[in-house]
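First chain A sits with chain B, and in the next complex the same chain sits with chain C.
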Partner chain A sequence: MTANATFEQRRRRVGLLFVLPALLVLAVVLGYPIVDSVALALQQVSLRSGVVQQSWVGLDNFRRLFADTTFQRAALNTAYFSSAEVVLVTVISLSIAILLNHPIGRFGIFRILLIVPWAIAPVANAVLWKWILHSNYGVLNGVLKALGVIDVYHVWLGTPASALNFLLLVDVWKSVPFVALLMLAGLQRVPNSLYRAAYMDGAGPWQSFLHVTLPTIRSVIAIAVVLQTIWSLRVFDIVFVLTRGGPADATVLLNFLAYRVTFNFLDLGYGSAIANVVFVLTVILAIVYVRLLWPRERRAG
Partner chain B sequence: MPISVSRRTLLHGTAAAGAFASLSRFLRNEARAADAAKLSVFAPLPPDPAPPGAAKFSEEAFARWKAANGAEVEYELLAWPQLHDRMATAFASGSAPWDIVYMSGWVPELQSNIIPYADALPKALVDDLPKSSFSTVTVDGKRYGAIFTLSLLTLFYNKALLAKAGFKSPPKDWNELKRFAKELTHDGQYGFVLNYGDPAGIGGTASYWMTYLQQAGGKMYGEDGLPVFKGDAGVDALQLMVDLMPFTDPGSISYAGINDASNVLLAGRAAMMMNWPFMWTAATDPKQSKIVGDVASAVLPAGPAGSASIDGTDAWTVTKSSKNPDKASALIEFYLDAEVQKRQVLDTGWLPIRLSVLADPEVQAKAPNAAVVLEQAKHPYDSFVTPDYTEVTVAVGTEVQKALQGQKTAAQAIADAQDQVTSIVKRRKKAPNQ
Partner chain C sequence: MSFVKRRHGGPFMRGFVIAGLIVFVLWSAGPVIWLVLSSLMEQQALIAQPPQVVPSSFTLDNFIQVLSAAAALGHGIFNSALVALFSTAVALAFGAPAAYALARLPVPRANNIAFLILATQMLPGIAIAIPLFIAMSKLGLIDSVLSLGFVYLSFNLPIVIWILRGFFMAIPVGIERAAAVDGAGVSATFWHIVLPISIPPMAAAAVFAFVEAWNEFFFALILTRQNAQTVPLVIAQFAGQYQTVFGQMMAAAVISVVPVIALAIVFRNQVVRGFADGMTKG
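What follows is the complex of A and B.
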């Protein structure tokens, strides 16, 4: 440290010193796995000789992705799953948040009930739904048959479209509570004066919602959309417990495929390549998320 | 000089003596524990085949063995579907903490992590095991494991439902199987049930097709190790499965494990299924079965080439990283002891592998299906395990599922499966150090 350093320079150096341990921890627990994962994706890795055998293959694993029909199927499934989930979760959560924001919906019990699906452990949630959807003993079949909606029990996870959509339903059920609470917080920050002004201007409830509520909570919705997209890319537990990717790979999502290739097939190189695709998508979304959260003054500056 | 002993001194003395006694006992125990060989065993959770102490059988004998051998045994038990991945990742990371590991068709894949201890098993024991039981645990002429239960797929059926439909005996061939299944399907009852939900591994969709493949006279691989199943036998085998689908419980395509399918048979809602011998105990237990007294077992119906099955290949192996390979081997010999094997079948339903125990009248009375399994063993039962068995079965099983759902014809599915397996095998041969 030079004697003629300004106070600001000294302050920055000391600050850096304090931050250094945290940076080191981040480098070890985050940086190293990321770098290693990228390195693995550029290698062919074999575990069949007692030790891990690695050989560099350049971009071969990534080229293999383009010829792999299972990967293409998983990418399509993931695109559908994520898009549908984001739309459904956003719409349902916003509706619930509006109801909870209404004077009648402000009782604590509603919020406690809402949080239950989110509070259940992911695997427990999947097992719970496994029994709900079971083709012989499932509650869903029992209820629908009792109501006369169906004549015979259905195999909800038995056909490709049905299985994928029920996985979607299960994940939407689990995801809605958190996003609804996020949106409720956003709604509660809308100043009442805006609604009063709109009322004075002759706006009805729908117009108030469209021209006051939505624009005011736009950033909250954007954050919810980005977060939900990231989470939907990470879905694994419900696929593993409910369908194992079946029937006939109809419910294989990218994250599950990365797991299957890496740990079932022990093809670490190719599995890492698939995981890196998910990682890149997530990073892009994370950048969007950070930009949305960045203080407006600094963005302007 | 007179010695006066106060109450306080007495109390102090007593406390000190107690502390010394406890400490010396603690030190003695620690020393004994340090002397004892610690063995760690990685095994499936019951009701899958678990060893004594993990499953409820031969527990006293197990305690005696541990005392006599100065050994402590720790079990790490996992649900069967999680075993492979846990083991493979532990071996890959070089942190497999076990001395003994359970294997089911994974010996060729994980062979470099285990030792060929079974070459040194006592001759008397080896002579009492079916020679064929070593086929799935032998690599390059060395025996890496010992099978501990005779576990072949056989036909389980509901006698009462068959009799009601006018069938006095189980189906003998494919035509009868299809005809019986059709006749037995009505009013929410199905002729057949199986778990087609998980394509992978032994007991997965692909392995069921492999059973039919052998019945049709086909095989998976040629002499060069490349797949050769794209032929009449492969297509006929799959076509049989497709033909059975209208008479198969529709839930079968979503059942990931054998227990899901077994429950349907045990509830009396399906008439026939392929299953492992352990099913017998569940089927005759009133707590688990509604068809007690009605269940029977038979050799699998014959295809054009006769009957055939697959082998569950439940084996014990010793890891390379074991610090006590001799003790580990001794523990496996205990697991294979005739009395332990007998209790295994009597208390858990998993058949023994020792021929002398299989011939025991008490065993045959308790497990009448043992004779059926022995009869089934006279026919081929190749499980076609290879180092890339999991990847191969996922590829084949997924194509089989597509055919079962009508997305592809049997011929197209088999052709596509062969192309995929060819790629897998060629990629393995190109892999480092292969």
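What follows is the complex of A and C.
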């Protein structure tokens, strides 16, 4: 079988050649920085007139995290923002997916309505909502007052709790469509014969949802939850455009704090330490994702 | 009640679904419609009290003024187009062979490599941005369209590889066997047999990559200054500087989103299928 072996060897060589360029790019642009980000977190790094100065400080940056009340504030904000976002996005997306999977909801126009918010740039989305939420001329105030819901115009982004919740609303609006599309794709893979069998067994719509729909799309839901959590840790554009972290640091999320410390306060080492926290959180979530995606028997092979 | 009828539900169920769909349409389309309407309204109408939700007259003034006043916008559109096209085209050129090798060729540890590539997609931007910024500052690569293009290439590669790998794995092996029997080598098989039937998933991957690159803000903010500024930066800056010229702000936003929305609508079915399959099937 020597001919066969050389054939296999040739295929392997070509395979490596095919994979190499992509791996090189990823190693240079992503691999090197992620390793360096850990090293940077152990240094004092400053930027003076465009020149980077570095010196090793051990775990000092990480020790600073524990005493930093802004960091704690940001961690709490992020915990609230991410968990609320995941719950809202999952529930709303699943409801929309179910609606659009119903025979009445199967018109193409509904799917177009989902794809549009996905394609809108997060920055353009933030600018749009800045206008909608404007305290003097915003349409939200106008509509709510016309409907008699509020008496006076509100400064929606002016108070801490309200500002954070409106950022949440804006990001949920932007995130829902894609997750809904993922779930809709999952729903469409549920074989019709299962519903027929449930019907034969006398199951009502609610029962067939509980016992047929949910179990079959459970993995899609789980994957959406993990991905959405990872995405929510990256939220940046809307904070930058809408509030810049204010009022009183109420909308500072970990990601934004790392940016602010690094590029506004030019404390690059400490910024890296905060970024590392986000990184570790993401790695944990990514491991969960891989476990969900790859059932045990296939991982073995 | 028949099975089909049961799937449609009774009158109560239908009413519920229709009400839900109306809420859904208002929720999804409302802000977008308001974006377009505001961009077509005059400043007086926008700051009228009480607000005019249904405007009395339309104008294209906002668009004309934005395009003539903000030279940065034209420059930004040019940069964004360049960066998005470059990162999409190279991602396809590098990603398609890689995806094929990982799906079909005896690459050692192919599954692990594939997962490593997928995992890079989940890295938080900020953890990469700081070291990248330092390294690129030292090398003088800040504020260059080409360096930004390379950074976006690394974001687009995993998307492309993951979407195409799923597709390649589903191609019947017989097609390639037949080509091999006819004497075609691996590269020839890939080039002449596999690629021609992979146009739809490649289109999906391309649209996805283009939209992501066109919309990206965070790395553009950190890695560019004036010269390589992209559209999202111009929009954000515009919203900061001219925050009282609402109509122009919205016109600028509309200009920036029209190309990608058009792409997304045209290719919506491929994009959704490609991404849903790629992300939910190992």
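Criterion: the second predicted complex is superposed on the first by the 271 of 301 C-alpha atoms of A that agree within 3 Å, B and C clash if a C-alpha of one lies under 4 Å from a C-alpha of the other, contacts with A are read in each partner's own complex, and residues count from 1 in each chain.
By definition in this document, contacts are C-beta pairs under 8 Å (C-beta built on N, C-alpha and C of every residue); 3 or more make two chains touch, one makes a residue touch a chain.
These numbers were taken from a predicted model, which means no experiment stands behind them.
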{"item": "Chain B versus chain C as contact partner of A:Thr159, first or second or both or neither", "value": "first"}
{"item": "Touching partner for A:Thr243 - first (chain B), second (chain C), both, neither", "value": "first"}
{"item": "Partner chain(s) touched by A:Arg218 [first = chain B, second = chain C, both, neither]", "value": "neither"}
{"item": "Partner chain(s) touched by A:Gln44 [first = chain B, second = chain C, both, neither]", "value": "first"}
{"item": "Chain B versus chain C as contact partner of A:Leu16, first or second or both or neither", "value": "second"}
{"item": "Touched partner set for A:Arg291, first chain B, second chain C, both or neither", "value": "neither"}
{"item": "Chain B versus chain C, judged by how many residues of chain A each one touches", "value": "C"}
{"item": "Partner chain(s) touched by A:Ser135 [first = chain B, second = chain C, both, neither]", "value": "first"}
{"item": "Contacts of A:Arg63 with chain B and chain C, given as first, second, both or neither", "value": "neither"}
{"item": "Touching partner for A:Phe263 - first (chain B), second (chain C), both, neither", "value": "both"}
{"item": "Chain B and chain C footprints on chain A, overlapping residues", "value": "50, 52, 134, 136, 263, 268"}
{"item": "Chain B contact footprint on chain A (complex, rising order)", "value": "44, 46-55, 70, 134-136, 152-153, 155-160, 163, 243-244, 246-249, 260, 263-268"}
{"item": "In the complex with chain A, residue positions of chain B that touch it", "value": "84-85, 88-89, 91-92, 94, 109, 112-113, 188, 196-200, 250-251, 253-254, 256, 263-264, 267, 269, 320, 387-388, 390-391, 394, 398-399, 401-402, 405, 407, 431-434"}
{"item": "List of chain A residues in touch with chain C within their complex", "value": "8, 10-12, 14-16, 18-19, 21-23, 25-26, 28-34, 36-37, 40, 45, 50, 52, 95-96, 99, 102-105, 110-124, 126-132, 134, 136-137, 139, 141-143, 145-146, 173, 177-178, 181-182, 184-186, 195-196, 199, 205, 219-220, 223, 227, 230, 233-234, 236-237, 240-241, 255, 258-259, 262-263, 268, 271-272, 274-276, 278-279, 282, 285-286, 289-290, 293-295, 298"}
{"item": "Touching residues on chain C, where the partner in the complex is chain A", "value": "3, 6-9, 13-14, 17-18, 20-21, 24-25, 27-29, 31-32, 34-35, 38, 46-47, 50-51, 53, 94-95, 97-98, 100-102, 105-108, 110, 113, 115, 117, 119-120, 122-135, 137-138, 150-151, 153-154, 157-158, 161, 185-187, 190, 211, 214-215, 217-218, 221-222, 231-233, 235-236, 238-239, 243, 246, 249-250, 252-253, 256-257, 260-261, 263-265, 268, 271-273, 275-277, 279-280, 282"}
